[in-house]
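Chain nomenclature is as follows: A, B, C and D, assigned in order of appearance, with residue numbering initiated at 1 for each chain independently.
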Amino acid sequence: MPPVVTVASPAASQEVAAVALQERYGHVRAASCRLAAPLSPEDAMVQSMDDASPAKWHLAHTTWFFEHFVLEAAGQAPLRPQWNYLFNSYYDSAGPRHPRPRRGLLSRPSLQEVLEYRRQVDERVLAALDGDVLPGPARERLELGLHHEQQHQELLLTDIQHALWCHPLRPAYRADLPRPPDAAAAPLQWMAQDERIVEVGAPRWPPGPDFAYDNESPPHRVLVPAHAVASRPVTNAEYRRFVEDGGYRTPALWLSDGWARVQAEAWERPLYWEPGLDAACTLGGLRPLPPHAPVCHLSYYEADAFARWAGARLPTELEWERAATPLPVQGNFADDGLLQPRAARGEGLQQLYGDVWEWTSSAYLPWPGFKPWQDDTGEYNGKFMCGQWVLRGGSCATPRGHVRASYRNFFPPHARWQFAGLRLARDRA
Amino acid sequence: MPPVVTVASPAASQEVAAVALQERYGHVRAASCRLAAPLSPEDAMVQSMDDASPAKWHLAHTTWFFEHFVLEAAGQAPLRPQWNYLFNSYYDSAGPRHPRPRRGLLSRPSLQEVLEYRRQVDERVLAALDGDVLPGPARERLELGLHHEQQHQELLLTDIQHALWCHPLRPAYRADLPRPPDAAAAPLQWMAQDERIVEVGAPRWPPGPDFAYDNESPPHRVLVPAHAVASRPVTNAEYRRFVEDGGYRTPALWLSDGWARVQAEAWERPLYWEPGLDAACTLGGLRPLPPHAPVCHLSYYEADAFARWAGARLPTELEWERAATPLPVQGNFADDGLLQPRAARGEGLQQLYGDVWEWTSSAYLPWPGFKPWQDDTGEYNGKFMCGQWVLRGGSCATPRGHVRASYRNFFPPHARWQFAGLRLARDRA
Amino acid sequence: MPPVVTVASPAASQEVAAVALQERYGHVRAASCRLAAPLSPEDAMVQSMDDASPAKWHLAHTTWFFEHFVLEAAGQAPLRPQWNYLFNSYYDSAGPRHPRPRRGLLSRPSLQEVLEYRRQVDERVLAALDGDVLPGPARERLELGLHHEQQHQELLLTDIQHALWCHPLRPAYRADLPRPPDAAAAPLQWMAQDERIVEVGAPRWPPGPDFAYDNESPPHRVLVPAHAVASRPVTNAEYRRFVEDGGYRTPALWLSDGWARVQAEAWERPLYWEPGLDAACTLGGLRPLPPHAPVCHLSYYEADAFARWAGARLPTELEWERAATPLPVQGNFADDGLLQPRAARGEGLQQLYGDVWEWTSSAYLPWPGFKPWQDDTGEYNGKFMCGQWVLRGGSCATPRGHVRASYRNFFPPHARWQFAGLRLARDRA
Amino acid sequence: MPPVVTVASPAASQEVAAVALQERYGHVRAASCRLAAPLSPEDAMVQSMDDASPAKWHLAHTTWFFEHFVLEAAGQAPLRPQWNYLFNSYYDSAGPRHPRPRRGLLSRPSLQEVLEYRRQVDERVLAALDGDVLPGPARERLELGLHHEQQHQELLLTDIQHALWCHPLRPAYRADLPRPPDAAAAPLQWMAQDERIVEVGAPRWPPGPDFAYDNESPPHRVLVPAHAVASRPVTNAEYRRFVEDGGYRTPALWLSDGWARVQAEAWERPLYWEPGLDAACTLGGLRPLPPHAPVCHLSYYEADAFARWAGARLPTELEWERAATPLPVQGNFADDGLLQPRAARGEGLQQLYGDVWEWTSSAYLPWPGFKPWQDDTGEYNGKFMCGQWVLRGGSCATPRGHVRASYRNFFPPHARWQFAGLRLARDRA
């Protein structure tokens, strides 16, 4: 995704890069507003659980990120210093902050004021880019800010889906979302791999030219054992058989913590499924469940239990990355406007990118040699390396261009409200 | 407050009463909208604790009350049957309902839609009154609905005060509220009373002509022992001395449950006071604390501890009612537009009505011979006769005409967010 | 219960009183050990819920009470000063203390050491009485200590019943307890009373000669309205009809807090009843439920709901005291060794004393003119006057001689593990 | 640890093995009783937190394990079938069970009865071994049962240490424990390793001859990157510098979950340290902190934060196993009777085994190709592979002969009550 430049002089090259950055900035920032457009000021304020944030908060926080990490770092005083407390998420370096579970109480600033705040910050950022007054580090943080904003775009969608699902009347986010065709899924194939030393991970950015989060680096060699991965994710129909076979009533299929959760929260099926197992709440409202589309809104516990029931296991993130690295980053992403997973088509390895995030069997841990970014963005990823599991590949709610083979998403094992599904794997002697 | 009629024929009398009721209906309903007018749609959605409700919910619930208890009882199908689940508060007879702590998640209907709902229900109610198609019981419930709505007007104010106080930036509900004069309070006098049998309580309504809640009836004789009550409520300055004397650090002054609460929630002063003890968050924003105005936003625990520290006690509700019955219902009410207590003026018994609710030492229990209303409004009061304490007299946030000598308000002993203060009393040999 | 003396000189009278006190001291103290005798050291350490205490703790705490309030007050240094922290219950005046919910962790001192502690303190107390070295106030506290110990004897029984019921194998406290005859209960009669001013409450002790807790004083006049009380408590068979009639599934019968508790804790019958409604866990183990014996182990919520279902109500404590005052304090008490309620026999008012504590409709509040004892025993009763309900009359687990007409027991409305039942009352026009 | 046999015929070999197994059985079983000997029946019943169990429960559960998995599997009816409910720990296959947090309520059976139960089960097991009536699988479970019992021996010690520490008077488990010499620790050296493929893990047992838990298998090849490990664990003195440097007040040093825990539980130092940082509660009572002994009773969060503060990191379990594999399993174990860590002596890699468990940076996950045991002991390890971290090497409370290079212990990251410390590691370019 870095701008491909073929110019002669460094100065010209930098200018071209600046123009490309300006365009990308405008594109990414506009996308957030587009996603929030169907929401009323009241919708944009709902926080339906501690793990989720109001849409308005996402819009403001991503803006604060540019103001704090880019403009302030470039010497500009903040427009509304008192908002630092409201819209700092988890940066201890940026000072105290509003408790996360109380974000839904922030009636002020209004959605309108937040959109105006976005406009003002955008103006300042674009002016700074235009005037070429951003020092190198600030430009890097601006790059980071765009990726950060894309992450929040997906969260805005998953959080609002949860919020509306919590409403007793089950309103839709966008009743006009198209319904994907649900052709029969290709039969599942096992793609075998031999034991091999492979290099995984991304070159450190910066100074590397291609953006990657610090947790994707450094590149390193690993020995991936012989194994096979499934050609496509598990479908709704396949998962339904697990449910109907008593999967949610059989402790032997579950991790101990998972079984405790199943009992404590009376889980009986994926998060948004209706009791009849034939319909689910989607961003488009309550809809029939397409049998051949990848199952999603699973926790790690459910993905793991399904795999055990199926006589298989989840892939490690190394196995996943090895499989994905040669493939182009193509798939059903948020930009396609479906906002729902779609049945696999074609032959060979399918849907590694897009449709649903795939739970891996890998706990979220540092790569050998991992170093967090050495400034105050070092809190971005590293401090969460405990109690979380890695998901790979992006989903139908992920902005196109946000993921890559080395991208490591992570959530706690009980999290169900993301577009998270699974792909099976198995050992080979 | 009942219409005073001096007419000849019952029919004419009824017509006059109907007109009066229409007018009163219009007046009460409009007052709710006026109170909500300073709020944005987002403000109107905040629920800052389980005990409070969003302003929008108050507006909708009071409307549902008329629709369910008046129009439906008169045979009219509800306009939006699916809202019954959303806006039923605690009536088991009216079916299942949205859990109270999750009222803040109801982004739909919007504030605009709720206001439109109010308009439509008002139209129907007024048409029914106009056409004289309401059967007697429905008219009685309409009367009840008006008193119910007035209660919620006060809750709307206290709930929004709490919501805005929870916001880190402490916005005002109405920054333009006038500041009351704070002349020195009259010196406290003790008004002595001898032992005497008195009649307390209100005649049962209906059939009695004057509205009273069922919990105010029946009238009954009680023996009130000799005692004295203070001529006015305790002031901010007086309460501040208690704080400065270590009141919040002295367990011997507190009920056991109160002391547990002081420690668990680190209470150090009244709810909305600032640490410096000289300013408080009000509906008008953060303001200097007027020393001579009645202290408020106290729990029962604090009122009781202050009284013990002062070598006195709280009055019983019988002592209070005996003192208040002869007095006219005059004072600083919501309609006066101050929305803050005001220093006492004049001689003799002051401020029994208005300014601040007065915690009594009486647990909220049935009067001898109490019978709840015998229809589905019987849930209104009786089922809460456990774990609550009686407050008397109304406050600066109570609509004028809502209280009377027999009116029994009640809250749990830890509740602090109401305009609740205290008046001292003591025994006489 | 005070020694009846008819002697000539004050000195001789005092001597006789001292001897009587020594005897009573020995008798009361020995009774505690007798109650604990069936328990193993391990049984004596169980704390099955926060509200209950281990039997060993009861034995030690009552001893500490004499050491702290009598011997220390008489100038004697404590035998084991470090145990003050362990065995102080709730006296802020006596310093910090071990958190109540963690009493079950106190493996040290052992039961054996506690019994030895009892022996040593008894020796000191008796020596002090013998040598007549106790100042008057210390003698009064010794008197108080005996009543205090009797209270804990009942708690020891109810707490161990709960502890053993919590054990999956349901062991008995004493499998050898006799089984009371269960003759058919006398038909219920209503005993009518007219409105009348009566005096209730006990003369203040000290200086009055007869012991009473401070919360029973002062005597005062009250106007008791016309009413009727049932001739005997409600029986198991009568309560079973309530259960079978769906009492636990009908919200309209319950106080709001009670219904919340029914749902949260899935109450379906009295605490110790088996699902078949025909057997219950008793101190004698699992036994058939005697249909004609008074129902017990009810919360206030259940007693209140039953009364509503029966078209009646609970008596006020004033009504109860008025009825009980003329009657001799006779009944089925702990000393009778049954430790279970027994069916009523005979005519007229039955079982006001003994068998089961009777929930009244009175919240536990101060009598008019109430003053706590003015030394550090003032924490004994007064600070609990919030959130509790009065029970009257004593139970089959109460030591004979501990109760009287003015005795006010109190527990929170959800408490079920006491021998608490109910007697019906109703209004009379 | 398997018996070394050099005999000719299979039959004779089996006989020798049986004798060795009998001896080992007697030795292991007796060790548990020896550890419990200093405890009173009351001590043996304390459960000071949900994660810990009473000593009596450990004694009974380990016995139940033999009865259920060996004797019942060999066709013998259980001695006390109703105890299955009490002493099953977490085996869903063995039926329902007493809730873990309520183990401290089990006053029955008494300690005496549990010891008798042990005797009877031992008799049966030894008779079965003697008569050679155990089928192969039952013999394997008996082998497993011995290792299981050794695990519980360590837990008995750590649980009782916690229980006694919770007692306000801080009694000792054994006041007569020797005090280890505290010679100055050897200077820390870095032991460098190059990148290399190594084989880790144990051959699967059974059928392999050497016992290993299923989670240690299968052996597999991994690529261990270049790194260095410290020659000895971190000492008390070193850790104290971290505390004094504000380690517990610096969020940047902590994982996000760890910092939340530090704040929520007000952590300021290792679990058993006194505020002065110079003494700690040990199994021998409150003792001066030996500066040169390895620090212990740390959570993973603390170990990780210390490493970050020290500019290093924790080793992976692969790095640890690679370092430990060539070394003899020697060190300060429970059998040495110190029950406290001891300062390192000598040169080179020290204390990999014994003294303190070493937190690794590895989440507890399945080895590639992991298969749980295929019978009902399959619940032993596999279902806990979520939310836990690996510790290696055993401690001063681990029975000698229980650990090995491939042994994988695991605990949640907040667990502090084990003898858990850390060894530093670092990357090498």
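By definition in this document, a residue touches a chain if its C-beta (ideal position, glycine included) is under 8 Å from a C-beta of that chain, and two chains touch if they have at least 3 such contacts.
Just so it is clear, the structure is predicted and the values come from calculations on it, not from any experiment.
**Student:** Spelling it out: a chain qualifies if it touches chain B and also touches chain C; which chains qualify?
**Tutor:** Output, common partners of chain B and chain C: nil, no chain qualifies.
**Student:** Would you kindly tell me how far, in whole Å, the mean C-alpha position of chain C lies from that of chain A?
**Tutor:** Here the centre of chain C sits 61 Å away from the centre of chain A.
**Student:** I'd like the Å distance between the centres of chain C and chain D, where a centre is the mean of that chain's Cα atoms.
**Tutor:** Going by mean C-alpha positions, chain C sits 48 Å from chain D.
**Student:** Determine the centre-to-centre distance between chain A and chain D, using the mean Cα coordinates as centres, and give it in whole Å.
**Tutor:** Between these chains, centre-to-centre, one finds 38 Å.
**Student:** Name the residues of chain B that each touch 2 or more other chains.
**Tutor:** Within chain B, no residue touches at least two other chains.
**Student:** Name the touching chain pairs, would you?
**Tutor:** So the chains that touch one another pair up as A-B, A-D, B-C, C-D.
**Student:** Sort out for me which residues of chain B touch chain A in the complex.
**Tutor:** 40-43, 45-46, 48, 82, 85-86, 98, 102, 104-108, 110-111, 163, 166-169, 171
**Student:** Where on chain D does chain A make contact in their complex?
**Tutor:** Contacts found on chain D: 90, 92-93, 195, 197, 220-223, 225, 227, 251-252, 254-259, 300-301, 361-363, 365-366, 368-369, 378-379, 383-387, 413, 427.
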